[in-house]
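When the chains are written out, they are named A, B, C and D in that same order, and each has its own residue count from 1.
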């Protein structure tokens, strides 16, 4: 059974249908992408998956259980973790604290433990810090633990966001345009990182990309959205050949380039 | 630059500004001496730190006043302070002749209990203060006087009419005015007997004073069989429509307003406009010329307006003409209500300190002053002042005044329709 | 200029200089206050001492020693010489605790609560109703005190109510939070403002149908916890008599007692606040403040954590309310006005949103400003007005100065300016919040 | 039909006036019927008097009072709602802008009184002059406040300008007090007596025992308020500036790209909002007859409540919210005591207002006429 399975998901804003009957699945252990031009409804679809929006119709099954009606924190607790298109770090917290926030549901200290600084509290904090530090280094950052998140360069912030998402021990990691604004070198590094996350940690990855070229290098399966609908899916090779994708997607690209 | 450092620096700057600002007030102890050496009769006072009369037999004696000098009731509060100030100037000569430098320490209680109590602690901590005049509001006097009581500092109240002020039986708490549990029934008697009221609408301002008076009035009215149409409290100050609609419909003979003039004036005006034709009745909180400006002709049309008071207009007292003249000359305005009481309260303080100082043969203790106050028989502007065992006047004067004024300037045309001396109900 | 101060500060903060400075201030301040107990500048000098102690680099043990010396020995002794200082410090502690509580709600969790003083009222009225004769007056007219009225609880129940007040306020916080926490930030501000007014209006009006709060008359007398007899009679008094120059009275001991009680509570409040801040809960609050959507996506249960912030913040105020009622022996609705809420907000903003040392500093500064500096300044002006002094150059006679210029009248003006100026020039406050450095991580490098 | 609806007379006069009348009549009817119904239900519980009769006796007066104060609230609420619509920010100091407008208006009349011109002038001219001056001063004050206290904070987190606005509000209260105390020696500002607008128009309606009494100044107040509302509607929906304001409210960056001077438009918004507040202040002063520097707080709070009730950012909503709140207040203050036999009274009317606010926000977080704004992710 697929790790994530959506059936006919519809999300409307007033008269606008942002996500129209998307049926879609992600198998465990794969790297899957959703691509599509700006405004195609990719982020809205992500928000519907993670509980930020409640879809009007359709079903979302994660590990076989429905996610409909759950709050984002509950979705997160079930093992789905995400990053945001326009980085949303907690700017005035330190890098380590950002990652610790990601561990919120992993920690079990109670208010009593906190107030009396019990042994359990100290042990757990120490462990969490060590783990946070390990994650920080895992995404390729060193010696920035005590920096405020907002003081990091752009690429560093992207990495921290991924580390924060990983801190929740997700089964499925949702990345919303993770390479936006990166130069080719950084992008290559990021792609390597995603592979490692999948290979070493066994985390399934679903990513949104605007840029088709990036996606082709990493994805094992691709779905294409346009005007809220899924217009194609398949392996990168299939997508590359798909006439409808080229027309709708590239055609629009070309048109928008003219403006 | 290091942020912490910046913080420290800003803190230091603020602190030094505060210090600079107070470098001068540090001299609060003897400002007259520091700032105006030409004035002081005893330049030695400059050297004397403020540690109190123990420093020398003829040191500084201070008398505090506490009343609202700011806020909505400052007109009355300032009157108390200025009355006291004038008394100190005119009557302080005896003590000055004995070698004391007598000063006024006016505190602003802002008509709130919190500020009153904090100030009270400040006052009792100043050992040069031997006596005090205050407050205006019973709600402030009651908690503050707990501090005076524990510190043994005598206070003379020029205005507090709430019974609880004295019924606690503190030696240190005295008042030179009457009480609400006499005043309100007197007002009720006027309504019942003179006006022949059958029904009354009671409204109060949701303060300790207003509600207290209103309750006493209600009790008296019910005993006489007057119908109490409604009993409402309101904090509203501008738009009374919602209260006036049922009031006009019920058309009672009398509206009794227990509160302060600046709220009542607006209410009277609006009620009259809306068609209420009966009589407005109030208590000593109405006693201000501003009332006439606020309510205008509403006071004289229909059933007119009258109020009871414990502080008669200055013209009611034979010796007051000179006071009015002096007060007007000094402060540029005619005395408001409680100015003459403030004058008398200060007079009581001065006389008691003098008596105590003579008896003690030097600077008296606070307790000696407090005892001297109770032993005093003092000829004041308002009456001959002597206190019973709880600090009330054994016989207090009450007035019923009919308002003829429709503007501030004609406030003096109000007539006293009745005045009587009633005994204090005691504890 | 800046570099000059930086250099100066650096110099002052190295070697033995810090300890010299602190001890110098301590000694000068103590002697100053002892010699002239009424002098404001002497008192402010002494108050500089704890601040320096906090800022300068001194061995932690020495810091604690000097701090304890100041708190346990010097201040009480000086306080008995002038109990007003104990009152000042008591108010500083009360407002610091309120500011710490509000700081949890606003500074950490980012929820603007404009009716915070309501929780203070809940605590105060809890002890006021049960610790006075009010329960036997339920059916009597407010203001009238029938003879047979008895205290309903023994004064020692105060200690129990200290905890009950905390709990009650926390529950009130949750009850308020439940319906309104889903609202957007600025709606929340107005609703809490309304709630603050509602609590005040209830306190003002619940004298009928049953007389629960005694309405505008307020509740008095409220009992205080009994003092241990050793204080009033025993060796402590004998020891203090020569030092303070007179036999300390019971009232003075009560002031010392409340001073210590307030300090203990404020210590606990600081401890709780710091421990909460640096934990899973505190991080969750900060995350919510920084970015609600991201926080919830990271698995933080928004409503639960916001409720926790409301409850924690409210509990501080509840405890201090009980203490306040006992200290004053009088409670009336006027204490719990909107101005009070804004006052506490001003303290938090001035010191630094989210910064624990900051809000304590803010509370102290505002209290000193309000009840000492502004009042003293007014007194000073009034003394000048009584004299014949003139302002030299413009030849203006002080006695012509309008009464209306008394600085004590312009509390709101001062609050207002502080709020606006701080928001524009220094929104993080005078002592901004700092994130904890995690030694564990960096040491390994 | 289409042609008719796009007719400017219909669009800018007939429709808004109709809407106002519909709201006023509708809300009054609903509340009156509800109250009478309650009176019937509780009739048996009260034996001293006939509850229904007592309710009906003052019902017309209660409705008139409610509508009058409701229009004042509406006019103030528009200031909140306009600023909120454009900046998404609660202009907490708007209540002080309102207060300043009132005080300036009264001071002008007091000045006329002082020079002796007041009694000889046409009373409506005096009031019109006072309103115009109040609008000018309040409008410019609002713009100044925006420049000083809010503009430097654009882009800061939401709480920052709000706190600054609270500070400004406190500052203005005491600053006005300072100015008044220094110039006049006291800070109560009293409306001088003149003209005939205190008088009543009595309207005997067949079938109702007590004749309906309309105080002229209440009619004046409602009339001016309606005029303001209609004018504002035209300004926002019928002029170029209005279009620009709407554009900025919709999407500030895009509006700026379209060549709209966003700063200027924000200033204009404050100017209009402030001017409306000033006019409301003068109207309120006519009614209250006395003002002080702290008088703005409660009407301001109520007006804000009204704006939220109707859906903040929505001009029609502010109107509806103000009317509903004014009526509710009038009803609760006048009847609470009657219904509960004196156990609860007029003093609970503010609690009533806040309870309604909380209730509405829980049930409809965006207010009665507000649109649900999707949470931006």
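Going forward, a contact is a pair of C-beta atoms (placed from the backbone, for glycine too) under 8 Å apart; a residue touches a chain by one contact, two chains touch by 3 or more.
This structure is a prediction, so every number in the text was calculated from the model and none was measured.
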Study note, to complete from the structure: Co-neighbours of chain B and chain D resolve to C
Exercise for review: Compute per-chain Cα centres, compare each with the mean of all protein Cα atoms, and return the closest chain.
Suggested key: C
Study note, to complete from the structure: The chain pair joined by the most C-beta contacts is B-C
**Study point:** Intercentroid distance (Cα basis), chain C paired with chain B, Å
**Key:** 31
Review point. Where the centres are mean C-alpha positions, what is the separation of chain A from chain B, in Å?
Key: 71
Check your understanding: What is the distance in Å between the mean C-alpha positions of chain A and chain C?
Key -> 46
Review point. Taking each chain's centre as its mean C-alpha position, how far apart are chain A and chain D in Å?
Key: 48
Point to revise | Sites on chain A at which at least two other chains make contact | key: 52, 84
Revision key, fill the gap. Going by residue number, chain B touches two or more other chains at 206, 233, 235
Study note, to complete from the structure: Multi-partner residues in chain D (2 or more other chains touched) are 342, 347, 375, 377
Revision key, fill the gap. Within their complex, chain C touches chain D through residues 106, 110, 112, 114, 179-180, 182-187, 189-191, 193-195, 197-198, 201-202, 204-205, 208-209, 293, 338, 342, 345, 349, 402, 404-405, 409-413, 415-421, 423-424, 427
Study note, to complete from the structure: Listed in rising order, chain B residues that touch chain C in their complex are 1-5, 7-11, 14-15, 18-19, 21-29, 31-32, 35-36, 38-39, 49-51, 69-71, 78, 85, 103-108, 110, 112-115, 117-119, 121-122, 124-126, 139, 142-143, 146, 150-151, 162, 164, 167, 206-208, 210-212, 215, 219, 233, 235
Point to revise | Partner chain B, residues of chain D touching it in the complex | key: 57-58, 61-62, 65, 68-69, 186, 188, 190, 193, 198, 200, 210, 213, 215, 284, 287-292, 295, 299, 329-330, 332-334, 337-338, 342, 345-347, 349
Exercise for review: Please name which positions on chain C make contact with chain B in the complex.
Suggested key: 2, 5-6, 9, 35-42, 44-45, 48, 51, 55, 82-85, 87, 91, 141-145, 204-205, 207, 215-218, 220-221, 249-251, 255, 328-330, 332, 334-335, 352, 361, 365, 368-369, 371, 373, 375-380, 382-384, 386-389, 398, 403, 406, 408-409, 426, 430-432, 434
Point to revise | Complex interface listing, chain B residues touching chain D | key: 72, 75, 206, 230-239, 241-243, 245-246, 248-249, 262, 265-266, 269-270, 273-275, 290, 293-294, 296-297
